[in-house]
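Two complexes come next, and they have one chain in common, chain A, joined by chain B in the first and chain C in the second.
This part shows the complex of A and B:
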């Protein structure tokens, strides 16, 4: 059996890059595995090859990612892109596939930095081709320079919706309509938390700039929209909704949805870590200590995978996890770790201060948390919200039973897209807490791996990766 | 590139042009494009039909989570088009329902 790698970091977004930076700076030999072909994560996707023009469109918050790539020059770092991690065990074995070659390595310590995903926004018709995440459209802009040109409709809620709208306009694209679904009462509920938000005035300034940009563009902007449905035969043709007491049909060839981002909990769930239901962002969060450490010895989480606090906070959490790994591996004294961590912890507290305001302001509308009966909730196995409610009437108590009742969550996405919604619907139908209803049990492999890959690995013997 | 694509390229996209086929159609991609991006750029919205009802689906998340963009690449079924970069000469087909055992799906 080969010697364990001192540190494996999974994910090369801001958290993973910063964890690797702190660890390697302290002399820790670090293996950085990332699923993408280039570093930066989703937020700084393709930052290494973005032209100055594209950086100008995407803004200074995107350009900021470039300096996080310095760690890639470290002699202590082994960076492997296009690595699909499909299992992490509590004994710190990491199984992954690169270019059709499956392998496993053992680590003394692991920092998970698997990031966030857009919160799915289920409503009737959202499965039609031409309906995508607003973040997905941003990914196309960042990595391929593709711009919605023919008039896209953006619908939903949350800062990224406005950011994507503004980037499309700045790049010379067109927006047929911005359809905001933020419930009207949200701003009143958020207001008491505004003073804490003022610790981070830059967020408010950015928000004001985005809204001014959208007003200048004179794109139709609907507020308090509800009763959404996407209509079309083979692809999206128009978005139907009610706003201002009237029904609207807005034609579009592209419908971009967004209602915030949530932690991608696939790895932490598959590890069997405890997760808490957070009623405010309405999402699950793995239970972590202030350094990102989990209940499993040697396994920590940094960044948005441990709760949504944003890209800057992810950098800071990454630094803390990297410093702690260096300390636990004997490369930093406790005093040195604590001294380096102090300013990071202060900055992190300031970043977190913005969340209570933002989480209340952009809390999703009820119709997307507990959608209408005819809505396909599980896109893979085509299970509707009404069917899930029917399972509850028959005695189904939670998401894992919903699998046997009707295959919800058993398709190729392994519940990534429907998981939050299935738990919410069952909780509502039972009159129970989401925490008690629980979540899908996630089992490895959490990414596709072929039998041929497994067989080739078995022939090579365990932990025999080159 | 068909004019009915809801996307257009930024003028800064100077990368080398690659050729591939999707469902028998000859299409262009730029070096560095994911397969899903190149298919969307060509104005194609549907990349598979579901195993359950046969409904059309297209790329949704673009980051490897939703598995809506499953395609067959050079004979290998059920690949995530958003997670694979286009290579010159790739032959790509839409997934029609579930994959067969030991072989790919039927041609479109």
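This part shows the complex of A and C:
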């Protein structure tokens, strides 16, 4: 294998772009890999290509994204879009495919900035055609300008739900109903944390603007909805739920679901890093030091992949990881790193202060964390919540055994969609802690790779058994 | 805690669980001491190949006897273990390979073994219609097959428990000593004692043997497997090749499993394995050489299991030659799954001091001294 690249950054969202910016500014030769065709990550997707009208539709946040792209002009940066990273090893080899060509490179240091994913929202009927993640709809809106056809019903909780709703309206779409599933008790539980949140006024103004926008559109808005089920034959016909003490059937052809985002831990799990279960956002978080460093020498994580603290925090974490990489590669003195980091660390602490409130306010309802028996949990292998509870009765102790008991998590997504839920269901059924129940062992490749791509990659001499 | 058991079994892999089942069926009370959980290692993650085809001569009698048990595995364990007699095929791609296969089958037949059979290109194509045209023929074992490894391990565990065996999870054996005619093991789950000790510790079996004063030249390996996305059924038997490290099978759900001995790196002390993608790349090349149409098929998952390998390619099965009341069953060299049902029977015969009607002398632990 050729000489290692000093730094490989995986993911060109806010965290990755900022890590690359700090590292290249210090003179670190950096390779930036991202699977999208254009930089910006989820939040600033395809920002560099957005037409002026689309920028207006997509809101003021997007102007910010454009500034992040300045790093792309750095002479130290090698940015490769459309690069699907399918394996990262503890020895810091990065395997990726670009245009059907698989290759691997070794790095002296790696910053993982591979981001978040939507928290799946399983309930009876959620796998019917016509039901999709709101984030996916937003992605369509951002990268292709496509609008979901007809009127859409939006259901779930969390700030992104309002954002998607308002973007659909701005783009001329119609909202048939907004069904909020945030449990009634959440705001009481969140209230004590409001003062810290108030120090971050941007959140509140944004939220208020979005709500006002929705009110003007006169979309029916249900709160505290529960007992959700998507009903229909071949595809969704209506959403059924209880709200305000009454049952509702809201007809729709498109149901968009959202209950927040969680770290996508497939990469850090495949690396074998330790993860902690965070009972508050109810998600896993890889164990990291204040610079984003992991227990594996030379491998750091920045941004949403290490916990959800928002896009600004991701930028700041990216900066810290980039500065630390530059220091460890001998391009910055420790004093220079620390001096540059000081204001970043202060700003990061302020961003984090909003989370205790938001995490409590938007904590998903139990029915979407530990869903009813008939709910399909593993979509790839069609395993229901009830079946998983049945495995526990037969002695299944954790997700890895659930694979063997009934193939849960063994499809092409490798449990990315069902992982959180499978761990929660088993923990509840066993009366155990989610931390002790654990998570799927993630097997490489973290993204499917074709036999032809794999075969064309051959290097090193054979040491195989016969 | 000092319990009274008839046998301590170190290791809850298939061989430990089979030993437990056969001992319990014979009316003894064994306890399996497993450091993780039953089937966690090689026994639960292997390719599930139930094959006599291509066995080392010393293993053939055991393998043939095991095959009889596989055919009625439901009677032994109470469930089918996912076993299907779908056949095993080993393809020859060159005249030299074909000649080698012919010679093997002839010598087996001369020794009275008729399970391996030579077939020509035409019959090969009727068995595997999509195979690349250059293939010249194959050896087949028509009623060999495959089973589901974890289900099998679970079935043996359940059946053993039902017969009165005890199975302790999370019970790593930390120390062993013999005192007052009993083997005593200290584990994370307490202390256990019994007159006999069975070493079924798989890739860790060498370590146990060394602690008993009988070191063996065992290495550990990490054979790798890959699973692809689903595709329409096109392959009935399990397929291997004379000239390649390949074992290839399509499951009933349409996914393909690709294995055959490409090695990753094992770290038995940490229960860890590491994949070698250069080796998986060669594995993919082998598949495409035989099935060029699969180029676009996506690999969704790869893993490795930890296995103990002896220098002569066959396991250690037999009583200790230095210590009283110890029997070794380990180091299966990446083909011990099929032998699982029979080794327990061998252990039970030894424990009851019954005559051994299978030739196990070639597997004695002293052969390396």
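Quick notes
Note that in this section the second predicted complex is superposed on the first by the 456 of 466 C-alpha atoms of A that agree within 3 Å, B and C clash if a C-alpha of one lies under 4 Å from a C-alpha of the other, contacts with A are read in each partner's own complex, and residues count from 1 in each chain.
Following the convention adopted for this analysis, a residue touches a chain if its C-beta (ideal position, glycine included) is under 8 Å from a C-beta of that chain, and two chains touch if they have at least 3 such contacts.
Quantities reported herein were computed from a predicted structural model and do not represent experimental measurements.
In the superposition on chain A, contact is made by A:171 with chain B only, not with chain C.
Touch criterion met: A:37 reaches chain B, while chain C stays clear of it. Contacts of A:89 after superposition on the shared chain: chain C is touched, whereas chain B is not.
Of the two partner chains, chain B is the only one that A:234 touches; chain C does not reach it. In the superposed model, A:308 makes contact with neither chain B nor chain C. If you count the residues of chain A touched by chain B and by chain C, you find the higher number for B. In the superposition on chain A, A:254 makes contact with chain B only, not with chain C. In the superposed model, A:129 makes contact with chain B only, not with chain C. In the superposed model, A:451 lies in contact with chain C only, and not with chain B. When both complexes are overlaid on chain A, the residue A:272 reaches chain C alone and has no touch with chain B.
Overlap of the chain B and chain C interfaces on chain A comprises residues 411-412, 448.
Residue ranges on chain A touching chain C, taken from their complex, read 87, 89-90, 93, 95, 104, 272, 397, 401, 404, 407, 410-412, 414, 443-445, 448-452, 454-460, 462-466. The residues of chain C lying in touch with chain A in their complex are 37, 39, 44, 150-151, 154, 221, 223, 227-229, 245, 253, 261-263, 272, 274-282, 284-285, 287-288, 294-303, 309, 334. Residue ranges of chain A in contact with chain B, taken from their complex: 35, 37, 42, 46, 49, 51, 53-54, 57, 84, 117-118, 127-133, 135-136, 139-141, 143-152, 171, 173, 234-236, 253-254, 264, 379-382, 411-413, 416-417, 447-448.
Chain B contributes residues 4-14, 30, 32-34, 37-38, 40-41, 45-47, 50, 52-53, 55-68, 70, 78, 80, 83, 85 to its touches with chain A in the complex.
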